[in-house]
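In the two assemblies presented below, chain A is common to both, partnered first by chain B and then by chain C.
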Partner chain A sequence: MSNNYGSKFLSWIKSAAGLSIVVTIVVAVVASIASGPYLLVNTVVTGGMLALVATGLTLMLGVLNIPMFAHGEFFMIGSLAAFYVFTPISNYTNENPDSIIVVFGPLIAMAASTIIGAISGIIAEKLVFGPLRRRSTDDWVMNSFLLTVGLSVLLINLHQLVFGADFKGIVGYWSGMPISIYDVFISRDRVMAFMIAAVIVVLFWFFMTYTRTGMAIRAVSQDITGAQIVGIDIEKIVLLTISLACALSAVAGGSLLFMYPSYPTVGLEPLYMAWFVVILSGLGNVLGAVAGAFIVALLKVITVEYIGAGWDFVIPSALIMFILIFKPSGIFGSDVRGALDK
Partner chain B sequence: MSSTITSRQMNPFDKILDKLCLTPAGFCGLALLFVLPFIPPFNQEYMLRWLIYCGLIAAMSVGFDLTAGYISIVNFGYAAVSGFGGYSSALLVINMGLSPWIAMIAGGMTAGFIGLIIGMISLRLRGIFAACLSWFFGLAIMGLTIKLVWLTRGQLGLRTPRLFETDSNVPFYFLIITLLFFIYLACKWIVRSKMGLAFQAIGQNMDAARTSGINPVYYRVMNFTISCAIAGVLGGFYAHFYGILTPDMMHTSKTVEILAVAYIGGRGSLWGGAVIAFPFIFLMEIVRSTLSNLPGLNLVIYALVLILVMIYYPGGFSYFYDTNIRKPKNKALRYFFNGRA
Partner chain C sequence: MLLEVKNLDAGYGYLQILRSVSLNIDKGEYVCIIGPNGAGKSTTMKSIIGLIAPMGGTVVFNGEDITGMSASQITTKGISFVSEEMNLFVNMSVQENLYMGAYTIKDKKIQKNRLDFVFSLFPRLAERKAQLAGTMSGGERKMLAIGRGMMSDPKLLLVDEPSFGLAPQLVANVFESLDVLKSQGVTILLVEQNVTKTLAVTDRGYILENGKIGLKGKSRDLADNPHVRKVFLGV
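Right after this comes the complex of A and B.
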């Protein structure tokens, strides 16, 4: 029995997925021994955020076949909402430092950003994607892609027009001493951001795997006609998927407000990174996206550490292009070609 | 365009127009562009600068449409490739003392080389994957330009000599219009030839094209090379017109600008983007300069137009023109809009 598992494990290691995960872990361990554990902490925090954005992107791709270019703008919406909710809360807590809001205030802000993200996703579906879906005849993927390009430009400039181009940031969510683990000091915000990301990703995975609605979403992503035949309400699933995807992106923006202050183009960096993840890990694969998020985060952190800030677009994108040449469907992707290849 | 009348019956004027790939309406439009800098509201220098920018975007959208409209791959790193051409041209002038004119062509060649590479590495990818790959390529080029400060001066911007030693914008305007026309002509000739047929076949159904004996490797790489070479020459024009190059010209938002114009103009038509760029970009510039207390409003309008066109009229202006304007009852008008061909 154990021999069987052993050979299975060996063959997994030899596959592209296993190989890349093992290499990632080894590189992460070696780098953090060489330069200090803060590398690992940065990777984990960035990876957690990226996992949220990338799973949303993957969901949109897998279920709706929309290559979302405006996903970073929902990140921006989330951070904006969190800023405007958290500012009055922090004013209140400055006057009453003993109230219970000090602990729960940030969570309220993040919840607000999630809800607003979901609502804006629904609005986008009702105003933009729905009409296109009803009118689209062919070439849906490319048309919807260009549509999201337009949406992205629109949202960025609406932000600039309405709220101004200045940085809307906060000092931090949870004040207090940083937590120290083995001589590494990590600010509480970072710890909480990672915890929130982890909880949400696990919940989301649970939702997709075990609930009826999650199964319906997966069914739609595999075969729309088949899903319709077994009685799944496509419209409802589509609406749910878009709001979920946008909420995931928005909560990432909300929970990282202390790192990324809200300004019009704040979403571009997470967007680029999320696209790296999605292309690297193969389209429509949620678990793969989570693993890919940590790989890309590690790449970014290592690049910044050893080569210098600013190179973090050059090296990862070069590496991803290199991988794509040899494995066009991504590391965790299957070789089945779908609607997205057209 | 299938010609119903054989070339024997055509008079010389029509024959020339046909060789130039223009309808009488197009000819009039071109003539209008050439006299535009002498017509009163447009003869001011700042208006001419806008018009030059319109011409640049128009020419870019023609080159972009050769890839997007014919082999159905959106080259999302188009602005970056163009910037690469511009930078290599500028660096050749600065470091090797080449004349800007030769350097512009050299810039086009280097950009064509980049196109060759993009075409090669994206061969196994289709649709959105290929678009993403060219996008990542563009991001990588832009990142390199920002970081290679010893060569490109990074964000500080690279000062470049201009093509003409005058303060007037008029020669630049004529140059860009000529460039626009020749780029259009080159693309149209390519599209009319056997190669163009192969492009369309690959764009519509790659497997069917391969079955009927078209080598997709050759044609796809060729298409990328040509389209990127055009971008490179235009990048060289940009460099030697504005006199300063910053990595911002490689940004994805520039590609989006070109893409929006090309798609609003109508994909697969080549002329649609060129026609729509002039009124559209010009209006945007007016909005931007008159309502400068509302920054970003022009881009909001921009995006709204793109969204509305994508939803309600995905064929763009050229489709509207073909279905509504092109077939009037009046015979003279019909000749005016269609030519003899």
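Right after this comes the complex of A and C.
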């Protein structure tokens, strides 16, 4: 029995997915030993948040066939919501440092960005995607792609007009001494950002794998006619998927407000990174997107560290293109061809 | 009457395929539609289940006008469709596919009973319940598609060419399982290329040609009809 598991493990290691995960871990560990553990911390925090944005993107692409290029703007909406909710909270806690709000205030701000993200997703579906879906049957992918680019430009400019182009940031969510793990000091905000990402990813994975609704979402992504004939209400699933995807992006924006202040184009970087993840990991599953997120995060962190800050888009994208030549379905792409491959 | 289709016109975009198709099925009946390729048999089924919206005519199920309802609404009313393409969820396991078939049933215990019933019908599915549907063989997929169609405990089962591409032994299996369903009181509308066999097991039949119902009647009589014998049986 254990032999069986052993050989299974070995063949997994040899697969593209196993290989890339192992290489990632090794590189991360070696780089951290060479240049300092902050590399690992940065990778883990960035990767966790990237996982949220990228799973949203996978959902939009897999379930709705929308190549979403406005996903970063929901990150922006999330960071904006968190800023406006957290600013009064932090004013209050500055005057009342003993209040319980000191601990829970940041969570309220993040919850607000999640909810506002979900609501904006619903609005986007009702105003933009839904009407297009009812009118266009041919060229849906192209049309919806163009629509998301338009939506992105619109939201960026709306932000600029209504809230201004300045940086709207905060000093930090949780003050206090950094947490030390084996002599490595990590700010509380970073630890919390990672924990929030981890909790959401696990909950989301559980939701997609075991719940009736999560299974319905997967069913729609695999065969929409099949989903209809087992009685799944497609419109409802579409609305839910869009709001979920947007909420995931927005909560990432909200929780990273301490690193990325809100400004009109704050979403572009996470958007590009998330696209790298989706291209790299293929439209396999949530776990593939999560693993891909950490790989891309590591690539970025290492590039900045060893090559220079200006290169952090060049190297990852070049490497991803290189990998794709050998594994066009992405490293975590499923072995079974789905509806999207037809 | 369980299903009454009256003067149904349907097609794709501006292309009309069905012209005033009328058919009806009583509770407990086993009815077939036969016809040459491209006659519109699948189109008839897709319009009944609501995958395509009829251009004209009415579909009444169990006394309720379901014309123009969405497929998911119609499924919830108690019609199940096993399509020619099967439309399985390829990245889900056999068991997950079956549970998706019971999507309209909320009660976990009933779901489990249905699962046991389908497994008793197709023991092969029970053996392979953890396998991904996309990696199953053609015959196993057919069984899975029929099994999934049964999971919702439908009043009416629409089956489109269940024996297509199957080896003779499996064809016999598929017909046997449809017999079992019929004996359990499920009403079945079957589309099949295997005309001899189909006319031998069904109660009544409709002959669909060029989007129109040509002949209809008892299956026994259709099997003796000179036109049917010439066109479909080659004698």
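Keep this in mind: the second predicted complex is superposed on the first by the 332 of 342 C-alpha atoms of A that agree within 3 Å, B and C clash if a C-alpha of one lies under 4 Å from a C-alpha of the other, contacts with A are read in each partner's own complex, and residues count from 1 in each chain.
To be clear about the criterion, a contact is a pair of C-beta atoms (placed from the backbone, for glycine too) under 8 Å apart; a residue touches a chain by one contact, two chains touch by 3 or more.
On a predicted model such as this, the values are computed, not experimentally measured, just so you know.
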Partner chain in contact with A:123 - chain B first, chain C second, else both or neither: neither
Which of chain B and chain C A:22 touches, first, second, both or neither: neither
Chain B versus chain C as contact partner of A:216, first or second or both or neither: second
Contacts of A:226 with chain B and chain C, given as first, second, both or neither: second
Partner chain in contact with A:161 - chain B first, chain C second, else both or neither: first
If touched residues of chain A are counted for chain B and for chain C, the larger one: B
Touching partner for A:34 - first (chain B), second (chain C), both, neither: neither
Chain B versus chain C as contact partner of A:132, first or second or both or neither: first
Contacts of A:150 with chain B and chain C, given as first, second, both or neither: first
Residues on chain A lying within both footprints (that of chain B and that of chain C): 337
Interfacial residue positions of chain A with respect to chain B in the complex: 67, 128, 131-132, 135-136, 139, 141-143, 145-147, 149-154, 156-158, 160-161, 165, 264, 268, 272, 275-276, 279, 308, 310-314, 317-318, 320-321, 324-325, 328, 337, 340-342
Residue ranges of chain A touching chain C (in the complex, touch as defined): 212, 215-216, 218-219, 222-223, 225-234, 334-339
Residues of chain C touching chain A in the complex: 49-51, 70-72, 75-76, 80-81, 83, 85-92, 96, 99-101, 103-104, 132, 134-135, 148, 152
Sites on chain B touched by chain A in the complex: 72, 74, 121, 124-129, 131-133, 135-137, 139-140, 142-144, 146-147, 252-253, 256, 259-260, 263, 294-297, 299-300, 302-304, 306-307, 310-312, 314
